[in-house]
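Take a look at these structures.
Common to both upcoming complexes is chain A, partnered first by chain B, then by chain C.
Right after this comes the complex of A and B.
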């Protein structure tokens, strides 16, 4: 029989994690991805379950001078309804609201969505575009990592064996910021993204682009940024941005594939169209 | 409009009693097959072929593994015939050596512990020599060199009226189209499953989720070699079926029975997990249609010519009858002197395709109705106007050559749908919308069609259905028939029909559990026949019962429930029997020639006109149904709320067929998207307002003139939606589902050709 551990504090969780057999444990919180995987994959020998759902520290949302600190165990239902999130980071409220369906959002956590490391993770594009930072707790204390360095490869993250994602920090945006979020799913709800896109664009008083960040889902092995598109836009003026160049940059930034949900061709075309729309329609 | 309002208010006034099965399902008390508690049960699993046809060279049970606690069944253990009883005995119960598709059952295992069962599966080794060139496409199969069966054609039908060749010479306007429909999964909520157990009296009792208990009984008799009096089939609460539980339950029942025969008296439970259910059980036949239509300048159809082919998969199963319905519905509800429909059911190496709501009609109606819009475009005529010119009138000759009588409302229902949907107003508004700079393009499309209820042609005659009504001493009346409640509302509707005819409150009438030890064979629960055909028998039996109680028990002409009970009690006391029977008698004018496809194919047709309004996103090519109007003449709505539910559900399933449901195949011809996360059906969030318009003219063959409605709503949505998309995007869409990926390809190709 497997053992089920449910620590009450972060320190306890870290201590337990350090002692667990490397390949025979499973960390679980809301369980909305983990339980489905259990059902689907070949039976894996899981000796110990480490359940993080009873740790109050992971459930906290704190507004700070720099922005917001969201505990990794905060559910998507809490996020989508949180007044500060709705006011300052509307894209995050929007992405939480289109992740799965209401019953999923009641259980699923923001940290779980990131650590599950699906290329289609619904909240990943938004956190990439907002320039989020991750607070990671380990046996030797806490470290901070820009979120764009978290996904190393297909379902691989920068978390070390004995580390846990503790919180996600999202900064306030400077004046002149505009945002755009859209999920293209297989249907209107309960869908996995064919393309997910979030954009943050910082304009000057004219139409000059000071900075631009795009987060995309389902167009590469991991959720990803569009560095070439950003580089092209930064310092450019909206009226000089060329659609052909944007398409070219998008196609060199992403590596979409054919899979059971869509085609590489569709993903590339739609991603290009939505990036173009984001540049012009972000608000 | 006045007429419609009248219909609506009339409908509201009617009584729609609560469903008799409602509370037990809402409270979670109803026991589905996997919920039934059993002592000492063995769980079962199926070992299957991996390749798309070939030969099983070796089936090895690892000798180092302890097989003693397991029950193992192979083809050698079959006491009777190794074939599933259906139209033809071509499908084995368990593969002996040669097989035709991936996922075919080779052997069965049972054990009391599910975990042990999974472990044991790793110790079974199958060595297969795969078929060199499996075929998965209709036209590929028709031209293949090595064939599964001669010419790879199970059935080849021809409906031929007038002279198409001659008519073609005279046609002033002509179109030719190639249209495709993909498969579709029924996706009943409850996956399939069966329990087999020997009763103390030595009778083998099979209980499970099914539509047709007598099909299962016949299959068991053939496979086990047991006499029918040693076999008993009981339907458990069934969580949806849609045709998917018409033939395949026979397979699972035979498997469970074979295990039980070897299990020494222990009960055996064989329940499919969702993925297994999706991979191996039958789905809707994919189709390919070549359609040619000709008309004169006024838009009057001069000929309809269709080459209609459906993919039957690796065994014949129900394909010939699916094909026959598809062929008969192919020419639509139109007046046309020259019609030729060639229909073929083709063999491929997919798992067999089977029954699904509509049964061949949605495929051929899709082809015809999309072609009709292309013809309208070519004639520069509004699609509604083209249909108005050609829809049947009373006194016309039908596509199968019989005279259309009083029961024809094709024209009336089109007008009703146009009014209810504000067709012209919307069409003009969409033109303006599309001219303005919006993010979306809009279109409105329609389909007009009729669906024949009951078995095709002489089918009902051969079925010779019987129902019993059994009154008891306490005045309670039981309906005994083999028709099943599977979520569609049949239990309520049948009880309501009997109670109505008996002038008793519904609480006094009950539908007996569908158990072949008690109920007569009233035919399968398919083909939109339950309410119309079986309901009619129940009504007749009720009249018969009243007559008997009056004649033999002195029941008054008008009576109270108490008097009814008292008469039943007295008759029982004096040893009189309280059972009556009604048997099917075909209508006198029901003449059908199966060879030439002429005569009257169905006793009743329901008439319909469906209108879809869609919006397509210019960037992503996602389609959304903005509004949907489903108008139909159905004779009489026995239970208006259930009818409305059937129509709404069917339309949603049709929207899924048109836009979302994309069965993908792996390299072995088996469904690849075998999870609910990747086989996409619409949710409520995808469905816009849905308006159901009922017209009731009371001329159908059922109680108070009712007609079957179960399948009808599946026929219209796909062509209506595709026609609307074509109007919105100004492109030709030749296949469903009309996924955004397909529409993107088509719109880019069109833009490309415009640039040149």
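Right after this comes the complex of A and C.
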């Protein structure tokens, strides 16, 4: 029978993780992805489960001078309802609210959504657009990593074998910031995104764009930024931004594929229109 | 693995592999067949139960996480629950597969919002799929349970 380890502290979890057999263990928190994979897709021979759901440190939300620190084990229902998140990071409250439906959000965690590393992860675009940083705990202490360096390839992350995601840090945004979030899917609840987008645009006192970041889901092997679009917009003025150029930049920034939910052509078209809409409708 | 839970108010101890799904433990080990398996991947809500007051999909919960949990299944919903009466009055059940999950999701919704708006009802039941009713009668039943008036 498989062994089930349920540590109460991060230190204990890291110590246990360091001793686990490399290929025959599974880390689990809310289980909303892991249990599906285990039951339906590729049942694996798992000798040991490391269950992170009973570690209070991972459930904490703290407001700091720089922003908010969200424990990796905070559920999406907690995030969706959190007054500070709703006030300062409304796109995160919005993405948490469209990840699955209520029964999923009661279990699924923000850290799990990132570590599962689906290219369609609903909260990934928002954290990319907000410029989040990850706090990663390992046997030799804690390190910080900008979230845009976390996804290395399809379902591959920058977490080393004996590391655990501990918290997600989201900074306060400067005055003049505007935001836009939208998930395009077949149904409001439960659907997996055909395209998801979060945009953060920092305007000067007028229509000038100081900085802009776009996080996208389901348009490449990983959740991704649009660096060429950002480069084109930064220092530009809203009234000089050209729709054709945006489309060109989007198409060079993303690598959409055909799959059961949509086609690459549709995704490019929708992503381009959403970026255009984000630039003009962000508020 | 041996796990102690409180199910429908009763202390229960179960011996099963830790990665067993709560759904299988309820139906197989404990004979509580109200929770149904629909999709088996957390989309349809036919297996919904309450764990510590929150609506969850029992097909996605490993037994290993349930030590000390308080679980309510449809068998534990009291016979005088206004939801049972209103689902009956509004003819909100047809084939019945989704009904236990719908009633438990509605129970959690009404605990948080005793007088829910239609948007809150739609949201609260958005993780439960019904292929028969078109949802109208289900929403009406939840409204009736909250107000005592089917057309309120």
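By definition in this document, the second predicted complex is superposed on the first by the 282 of 283 C-alpha atoms of A that agree within 3 Å, B and C clash if a C-alpha of one lies under 4 Å from a C-alpha of the other, contacts with A are read in each partner's own complex, and residues count from 1 in each chain.
The rule is short, and it goes like this: a contact is a pair of C-beta atoms (placed from the backbone, for glycine too) under 8 Å apart; a residue touches a chain by one contact, two chains touch by 3 or more.
Treat the numbers as computed from the prediction; the structure is a model and nothing was measured.
Student: Given the touch rule stated above, what does A:221 touch, chain B (first), chain C (second), both, or neither?
Tutor: neither
Student: Touching A:261, do we find chain B (first), chain C (second), both, or neither?
Tutor: first
Student: Scan A:145 for contacts with chain B and chain C and give back first, second, both or neither.
Tutor: Neither chain B nor chain C is touched by A:145.
Student: State whether A:269 touches chain B only (first), chain C only (second), both chains, or neither.
Tutor: first
Student: Identify the partner contact of A:4: answer first if only chain B is touched, second if only chain C is, both if each is, neither if none is.
Tutor: Touch partner of A:4: chain C, not chain B.
Student: A:31 in the overlay: touching chain B, chain C, both, or neither? Say first, second, both or neither.
Tutor: second
Student: Figure out whether A:173 sits in contact with chain B (first) or chain C (second), or with both, or with neither.
Tutor: A:173 contacts neither chain B nor chain C.
Student: In the superposed arrangement, does A:277 touch chain B (first), chain C (second), both or neither?
Tutor: first
Student: Quick check on the superposed pair: does A:188 touch chain B, chain C, both, or neither? Answer first, second, both or neither.
Tutor: After superposition on chain A, A:188 lies in contact with both partners, chain B and chain C.
Student: Using the superposition on chain A as set up above, list the residues of chain A that contact both chain B and chain C.
Tutor: Residues 36, 40, 101, 188-190, which sit in both footprints.
Student: Across the complex, what residues on chain A touch chain B?
Tutor: Residues 36, 40, 43, 101, 184, 186-192, 194-195, 260-263, 265-266, 269-270, 273-274, 277.
Student: Hey, which residues of chain A end up touching chain C in the complex?
Tutor: Of all residues in chain A, those touching chain C are 1-4, 6, 28, 31-32, 35-36, 38-40, 46, 49, 51, 53-54, 77, 100-104, 106-107, 188-190.
Student: Along chain C, where are the residues that touch chain A in the complex?
Tutor: Checking each residue of chain C against chain A gives 1, 17-19, 21, 40-43, 45, 48, 54-57, 59-62, 64-65, 67, 105, 108, 123-124, 126-127.
Student: Where on chain B is chain A touching in the complex?
Tutor: 118, 619-620, 622, 624, 660, 664, 672-673, 675, 677-678, 680, 682-683, 685-686, 740-741, 744-745, 748
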